[in-house]
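Multiple structures follow.
In the two complexes that follow, subunit A is the common piece, with subunit B as its partner first and subunit C second.
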Partner chain A sequence: MSSSTCLRRFAKSSLERAVQPSIASRSLISPQASCFSTSAPRHALPTLAKASKGPPPKKGSTLILKKKKAPAKAAGRPPAPGDRKAMRKRIVLSNNNALEVAGLQDLKETDALSGISEGQVKGLPEDVVDALRAMEAFKTNQGWKLFRRPATLIRKETTELAGLLKQAEEEKKTVRRVFIGDRMSGKSTLLLQSLSMGFLRNWVVINLPEAYDIVNAHTEYKPLPGSHPTQYTQDVYTANFLSQIVKANKSILENTQITTNPSLPLPLPAKASLKQLAELGIANVETSWPVFVALWKELTQPGLPPVMLALDGLAHAMRNSEYLSAQVKPIHAHDLTIIRHFVDHLSGKATLPNGGAILAATTSSNNPRVPAFEFSMQVAEAKRYHPDNIPQWNPYKNVDQRVIECLKDVEVLKLNGLSKEEARSIMEYYAASGMLRAKVDDKFVTEKWSLAGMGNIGELERAAVRLRI
Partner chain B sequence: MVFIFGINFPEQTLVKRSLETFYGIGPKVSRGIMARFHIFPWAKVGSLKNAQVLDLTAELSNMKIENDLRREVQDNIRRLKDMGTYRGRRHAMGLPVRGQRTRSQIKTARKLNKIERGGFGRA
Partner chain C sequence: MRHSRQTSTARSLSTTASRPAEPVGEPQEKFTAAPPINFAKEDAAKAGSGDEKNIDLGKLRVVPASPSYFSSKPTFNDDFVSLSALLRKVSALPTVPNSEAPKVAWKTIDQYRIMTNEPVKTQRYHKMLHILRRLNTIHPSLMPPEVAEAMKRYKKASQPGDVRPNPVFIDEMGRAKGVGRRKKSSAVAWVVEGEGEVLVNGKSLTQFFGRLHDRESAVWALKATQRLDKYNVFALTQGGGVTGQAEAMTLAVAKALLVHEPALKPALRRAGCITRDPRKVERKKAGHVKARKMPTWVKR
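For the complex of A and B:
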């Protein structure tokens, strides 16, 4: 039954169309095509030929239906070459809109390595800030720009490290530690704190700010003559590194004279200071590596202060670099002389006769996957925190043996979340700086502490200062 | 301006980029050449030492690139055509050579398949 109704309707609709066309054509309404009748379109007026614009599109080429728009011109001039990068890398350590914190005390030489200031926020003295800046210890993503002047919270881990440094200073031991922890748990900041403790105690402080910058093949490299297997020096990077060392440790290097007789390709004045030695390498880029080796030898002579050597982003130093050897094979980061120097000290192959510390921080923000490194860190963590459950490497998988060897007996320091007392102390500092407008009471602290994933300090800062909900 | 293999390059050009302007050198070959002389991937032409520039020029002059390579490719195509093969004919007509359909999408063939493939060299 229904089929007959449908047929009747079709017939009707085609009839209507047959009546309409003349009206439709007069009123210039474009005829609607019907699938059942072609009469309406046939009765329509012939469409006007389009004004032809050039030849039809070439066969096989894509038909472009949209008109091309001229790209919008940016107002004003684009920044000069290098400006964007300078902006990106700019370190701002002060905020004029933040209040000066009344009772803020500086970290002092006498109590830097003692545990008495645990749980307090301490300001960094100006000369230390200058030295840290020269060493590129401040990172752009840290919250220094929010406060009047740089200050840090002396947390439990800082005190633990200070104890170790004190021991190293007194017993002339070499402390080797790798800082591990979650993202934004304060690993780089702990590195910065230890550097500042080193500066305060008049150590020789040397910092490699980013391992990634050493291995990402953005600076010149060349093979080190006479090395087997071949190692590679990075002259431009090393020269810059030397200048950072000189800037940060000016007084020590100026007041220490050369005692060994280094054989350098360039002449050195008699009774030269270490600063002069380093400047030789800065001025003559191609001699920078031999100069660094000579400088290190000088610094490890007896009677000199302890040395602190630090590196951030350790995982990058544990894999193939972006550099290529002459055989077009990737160069392992351990074959780059600077990394090799650090890694030898970290693994304990080389020691510091005057005592000192070799510190490294892992990173979670720009973190490459390096299975051997991750495994070594897991083992080191297990050895320290739960020695009854040490993981085993899957014997059916290849492993980078150099990494495993190097991190075999390295110790880790794990950064956990802050305790509630520490969180309260830092939040009081936020409030005193005027950056947190709330009453800091137990309820508020607990709320933010939980929001920050049990007191992860980066998240805490984010929740309390940066986010405005 | 730095001369590499008889061509002048502005100092701020990347070495990689300047090498890849030569016919017959692409990303892989340029990578190999630069690795051989320990030039890092982001090096600019202006930062090369004189010895490195000479090395590069020497290396390039030993390679079959530019007009020599063009001539070889063109000779190969011409040989096919002179023998009267199907492949030669398709090259001459600017159509796909290896049995692809020609109803659509033959832009690459139109661009590349010709007797004088690769052009006539630098202006």
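For the complex of A and C:
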């Protein structure tokens, strides 16, 4: 500080010398006395800041006995931009420290939809794991990273759903289900199981991994021309979505040729495969939505395999999105084309001619309050499980009619806790993986089952594997 | 002839050390003194007998009611002597071992001092208690009524076993109810035979208690006795915080479990499910920041 002051002083005095040469000549001898400018003396003796003598502490202020420490600097470099997020979102599907489970069988094409493996833990085949990974069906908070390779428990609800899928496959029906249940009861995992069943049965499997990512205004959007009322497309998201579809269903899309004649803004080679069609949308982001529409039209042509369309975090798709319209009004999620597409199928407005399944899972972790949606779920649950006691909407309260209409006749599949046999089966798997070091007997299973709130599978895993003390 | 004119108020003239006037709570013992001299009657008797001799009141010899009157602790001496005499009288009666004798809460030395208003020494009082305990060991079926009456004077007003808890039972649906408290929370638990299902305020254990520790606390009575797979529990809790509610449930479940299996009491006591934790939030005091924390010291 003082050195810079001195430098400035030198600069200043030299300047003065240039302007007033007569004074400057004398100033060489005694610069302090001869300079008439007041600024030079003011700069001459830079007052040293009195280090210790401040004003006395105000009355009532606390006595600080310790000196303030500088905050500890982190050793090494902070992570590069994006690294933290990548770490957070990383999906780890294997644990080299876990033991290989002897006798763990894979889920097979032949027994995927039959109920014979109920109550058993089944491994997921590698190609299915790749497809599921491409579809972002694995979640970070699921316990895949604890075990050698991905495997799931075929529980009662899975078997029930498998029966429905089998029916859909054989009779070309559309199954529409919403998975509800407590927190950590396995809703997303059931979705994953159904996706893998679809892959095993060579269905066309399309998954919207998280509704929240579609409505939270993190991707660009634009109005869809010619739509009334205005709908909005999300081109970048849709292009990425198309690339996920291509990655996951590569063989089907490669081997199927275009039969309709879609009118697209870009030319397509003659006898193009569906993969080529989708890649057109991936390469040209602005055409991604028309390409998706054309692809969907192709997929619903007769003779093709059934389609499975799945969405996680349904509540987010049933409220206003974070996007704003040109009139600075919030855009309802149903006005976003991707959500609209899903919701039309979920409500039964559009059907799948080749049969298939429209599946959605609710979430309890990132769960927005959507009264109309919650009410619709209560009604659907009551219709299925206790039809004599169906709740009524308070007529003095406003309701989002679009949501009520959409979920009017949708059916739910409620996930309850595991049975004790299922709990025992999964805990034997934990023990065989070396992640649970206890003797798995009836007493132990019942204890964990009770503490996990009557067999809530997530809590069971937490109590048995994660919170080992 | 006794000419004592002592009344209860005149007791302050006694030679013993001065004592507080009227102790509150404990009733003062009735001091029985000689009846007052009825001078009219005396005069009539004198006239009737024809004896002309005048009574010189100044020369009357006053004899106290008790021979211990001139000792420093007259009541205590009387008590001790009478109990000793009683013991001598009944010493031949068969006795039971001390452990089998009825449980009695004797008056403490302080209570006895207040009752008698005398500075009784602790050791002396213990000697008397020794006699009393010996009297208490007389076989209950042969206990003479005079001994029972005499002992009553030295017993506390409330005896162990006086307060009886409401009888516990399993109702017609197989439920046993228990109530537990901790901090500001209270819990009511019903325990039925089952296979380990737990509902708290209509929710599952995981929904109601986020922490695994609290879940374990709530069913600790069952877990510690390895009965978790044999009973179902449904509970209602209210007040306080999450941990308080969980620990109130510990007590409630333990009490309800004891109805089903009373023999588990020692095991449950070892597991810490019987004793109510009496600690509560300490009140804030004036001049303090919290209950005990003082304001920070300031130089000026």
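The definition used in the following text is that the second predicted complex is superposed on the first by the 397 of 469 C-alpha atoms of A that agree within 3 Å, B and C clash if a C-alpha of one lies under 4 Å from a C-alpha of the other, contacts with A are read in each partner's own complex, and residues count from 1 in each chain.
Just so we're on the same page, a residue touches a chain if its C-beta (ideal position, glycine included) is under 8 Å from a C-beta of that chain, and two chains touch if they have at least 3 such contacts.
As the structure is a prediction and not an experimental result, all values here were calculated from the model.
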Which of subunit B and subunit C A:462 touches, first, second, both or neither: second
Which of subunit B and subunit C A:438 touches, first, second, both or neither: neither
Subunit A residues touched - subunit C or subunit B, whichever exceeds: C
Touching partner for A:326 - first (subunit B), second (subunit C), both, neither: first
Partner chain(s) touched by A:446 [first = subunit B, second = subunit C, both, neither]: second
Touched partner set for A:390, first subunit B, second subunit C, both or neither: neither
Which of subunit B and subunit C A:182 touches, first, second, both or neither: second
Common interface residues of subunit A - those touching subunit B in one complex and subunit C in the other: 60-61
Touching residues on subunit B, where the partner in the complex is subunit A: 31-32, 34-38, 40-43, 47, 104-107, 110
Subunit C-touching residues of subunit A, taken from the complex the two chains share: 56-57, 59-63, 182-184, 417, 420, 442-443, 446-447, 449-454, 456, 459, 462-463, 467
Of subunit A, residues touching subunit B in the complex: 60-61, 217-223, 232, 322-328
In the complex with subunit A, residue positions of subunit C that touch it: 195-198, 204-207, 212, 215-216, 219, 223, 226, 228-229, 296-300
